[in-house]
């Protein structure tokens, strides 16, 4: 049976990165419902992320999205974060909102637009240099809405060229994370639609390119933990964008739609020893809190990842391996389910208390007065959003 | 073999309604790419719809969306349409964009918000009275993003109550069309998610309630023509919202993603004699032309429906029935495919020429100068969109 | 907070029916892997079902499948069951394995074949009369593999006629359960593909016709608990065929693929007071244990339903309703998740101990020697299977 | 505009391989409906394949499936084929029907079973040596039904080891084709579930390993032509298993479910110059004619591929490229649709007549008396099937 002390040690070392845009307004094409207290600046987003870290203890970095989080002085922004107790995490590029990108960014048939988009990627590396960020995270909305609209193979060549430029610009300590997505906003064909495409490009680029798995970006029926296991085996799992979904890319709180799936994913991570921050996998959230209160939703999401991780750490791996070797399907499944069915909330409450945190972070946040304060202070100006 | 004259007669009688919002800007949650020449007013949208009718000859009505198309004087708007040669079609309600509707409209737990939403439905009937519109089309975005968020059964009771009020407000010549949708913008549960739910409510309401099938609102693998056939049998097929999709509710041009599916749908319509406008089925488009030119996209969509219809009319129904009776699977399928594989474009070109139309509506539109004119004239003001 | 005593009382009253064919060999079109000890006769299947009841205490009836379980003397079979402590449950018809049914049974274009199939349904009611069974469960594999193969509407008329005959044959205490399925073995169109179709036929038939929900028979993304809630509201939920699936109709152990979904289903059941056996909902398993040991798999499945039910009973419904009324999305979801995250295994162990059962039914079965006994005894003869 | 002569030349050079098992009985787990005249031996299957070639002129090879087509003397079988005018195509291995393979073949936790399965792969290469076959086609049903059942990563290591052995056994003119499949018969996790997994293994193996795309083996919403284009770009597209599907792996006649998709696939093939047999892509059928007459179904399938190819050859590629460069979404789509909407049946009829074939192969087959002859002759013995 897993040693309780080592389980707690692993949980204490866990790191989850929250996204600046998760604190901003978001919605669907039908409506963005604004919420009171939403940040108006990157600095305020970082303050919210720091608040999540203050109550959870495991969220010490915040991912930025450029140009949503563009500022004049990135060194100052980095110091602002440090003052609040967090670091700047992955730098996310955005080449999907300029009017020029209507038919694509780095895969656009127009070389001038490709140049502009590629330059944006290079600029993002400069921001990494300024902020000390390790990860360049690339998601491209590029694709086609209609058959025939453009040449599928030619677009791959253009994509490869842009990725090469950006990769070669990276410093030795920096990495490229390439994200894939089945569809949306492109409806017929997406230029990086699946892990296989991202993986093949990463292999061609070099050792510091790795795949980012967004848990909401797959076709129905896709076994995500298989992809996790396969990329771990190939040494190309770079990061997660955690969220959950029932249908498409719903961007709900991770663990809200299928907590058993999240557990199975973390079971692969733990089994491969990849939970250890030294292994370099960036466990990020990528969520949209369209109708629920944002900061407590992020806190809850962090807790959901912790709970799935705790359960994965509790799997009796020797018993599991023995049942697997014996071909005892029911027993092997039962060993896994025993861990999943365990209520790990007391263990996590204890872990938090050990670290001087409130055992119930959501309740503590609600009591803290932070929400009331930001609702009172953040009046006037323009609330942050996607600017779609 | 189907008589060519009667095929042409049926095609000449066909009516396809276009949506005012299809001429406006639209997009995804990531970006709305504005286009030059887009209408700024309901009057300009109607002018665009009239232009589509002028080049196709089969699109003599335009659906409105309230409040996007709200005006002071509906009688004047109706005359404006008549002056341009078109009629006002279905009145679409919108109870998803007011901040009050964040957690639902007619199914909201708050009775005050339900009252407000229901009143909007009643107001829409008043607009029908003023415009002579026959169809009240109801789509509700109501639903839940998270399990537990609200009570699924209670929401059905609230829905039924609102539908009852609206139904009872209808005049004797007016109808209610109830649309369903699997998901989006609600991500966990939608209050009218499938045809069965819409059908059950319609039966409870009365004879003048019927189901509207949006071809993009189904789960993967759903056989839409089965639903068409079943609702025809039950006498509850009221309308189509035509569009096409590869993944979710992509709202692409009808016939663009799976033209064979569109043919199969029209095959059921023709087989049941339901193409005849006297049968009362409203064949509407509901599309978003996010990246393609809007007016020619609508023209092309109308033509796609015509082509599918022409093929359906060409099915040799006696031979088909004989093969079906004989249990000859291959021959029955071959009879259907023979019609589908026929190139009906010459027949439709001839039909247009017979009616004094250009045989190639898209080319005629492009030559007409209309696009250049609206791009020059429609400068200043605010382009119409969804206002999300 | 729910009263522990009343939770236990509800769990003690729970009834789960197991299927005779779940104890037989099964597999895929690629291979049926036979297992030692599999029953050769209906009597032996009933003995296995009785064994499951002996260890779980909540599975006192067994569903039969005709002709797989056809015997000369049904009264004797009923006594055999009673002697072993179980009852005969639902009678399942089979009109998909006779060569005549290649192109359909009750919807076949050939009236002679329809007659034969309908007679089989009537014969099944006679078996119900002989066994005291209440439920006639109908699943039709009828459908089309190719577009055009037959007329979709005509098949509905034929279906309605056969259902009418069978319904009218029922005694006053008997019911018809109509099951639906998206696809398989028909690949293009299935004659009863969704709950809406089953529901519409049930309403036409009369009050004693109700829908059976097989949890594996839906399109990807379908919200099953919504269907449960809706049919409960309409008074037409007759039964479940429980199992679980990742992709298609996988027929895995219920609760194995998505235990949170099973909990949400039971939450709707409990919320509507429909767990009570007096409400008449038949909670059946319908599973295929292709590679795992059959009897312990059924035991485990029964336990999975119990665990999901226990969690549903633990939902703090007052707190849930309060959060829902307040529009507090996160809190409402949290109340539901609190119940789901509870480890109910100790409660169920206690419940079993209270009833004189072993708290760990799988372990108790393995220790009991039953498996070794049937492997030794059931040698020779032909093992039961699907006979495909 | 494409030159008619060169279009015909390309069509004349086209080669489609038919599968021996397509002529045998097949079905679902529910029922295999036997058909009169079905072959009882590999020799009779080859005779049927030769008949398809005789009427279509483009199907000069037949794939074998071992052990279904195992014979004592492969040289004799090869001569038998040659005498009938066809060649032996790909050799398909079968490591899913022996009782030992219940929990996997090359990925089984038991090393003895892995040895046995790997030896079967090596034996298949020996059959290739004897028959002159170029392609070793590997499909593994290996996978898991339940979470925890086995270790996902360990299974990949075992898979890689077996593939390596088989690859190293190949002669210099021989190739390995690795097929992937989302699910079935494994329901939770499949060891080669997607093209990315197959591709990664092929790259590790060496230049003569390539991916086989079965058009029915994808998750809903997967863009298959993207995979075609991507693998062509990477030089790793080895073969197709053509068929069509509405839901899962339905194995219906290619082109029957979504003829537009088939056209889009062939458009990528033609655009990359990969139709030319010298490019080495093996265009195979992999179908099950469960309820339709088998030989005419295969003929029809071959014709469907021809028709899709002819349409793809008719795409005005210069106009398409110009529209794509101009960013004219509607025009680019229209150019593609113009080719798709063309009725190419007259062109293909002419092509057949040029080659001395009957322009209507299905009618010619039906008139030929072959079916009546085999139904009369093939009496007694055991009809070929899957032996599941």
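Just so it is clear, A, B, C and D label the chains in written order, and each chain counts residues from 1 on its own.
In the analysis below, contacts are C-beta pairs under 8 Å (C-beta built on N, C-alpha and C of every residue); 3 or more make two chains touch, one makes a residue touch a chain.
Owing to the predicted nature of the structure, the values given are computational and were not obtained by experimental measurement.
Asker: Can you give the shortest number of steps from chain B to chain D, where adjacent chains in the path must touch?
Answerer: Shortest path length, in steps: 1.
Asker: Between 0 and 180 degrees and rounded to the nearest 5, what angle rotates chain A's CA atoms onto those of chain B?
Answerer: 180
Asker: Have a look at A-B, A-C or B-C and name the one that copies the B-D interface, over half of its contact pairs being the same.
Answerer: A-C
Asker: Weigh A-C against C-D on C-beta contact pairs and write down the one with more.
Answerer: C-D
Asker: Once you find the CA centre of chain C and the CA centre of chain D, what distance in Å lies between them?
Answerer: 38
Asker: Averaged over CA atoms, how far is the centre of chain A from the centre of chain C? Could you give it in whole Å?
Answerer: 40
Asker: Two-or-more-chain contact residues of chain D, please, as numbers and ranges.
Answerer: Residues 103, 145-147, 182-183, 188, 220-221, 223, 246-247, 256, 260, 291-292, 329-330, 333-334.
Asker: Which residues of chain B touch chain A in the complex?
Answerer: 26-34, 96-97, 99, 101-103, 141, 145-147, 182-185, 187-188, 220, 245-248, 250, 252-253, 256-257, 290-292, 386, 388
Asker: Please output the residues of chain B touching chain D within their complex, sorted ascending.
Answerer: On the chain B side, the touching residues are 220-221, 223, 246-247, 256, 258-260, 291-293, 296-297, 300, 307, 329-330, 333-334, 340-343, 345, 362.
Asker: Within their complex, state which residues of chain D touch chain A.
Answerer: Residue list for chain D touching chain A: 103, 109-110, 145-153, 156-157, 182-183, 188-190, 193-197, 199-200, 203, 218-223, 225-226, 229-230, 232-234, 260, 264, 268, 271-272, 320-321, 323-325, 327, 329-330, 332-337.
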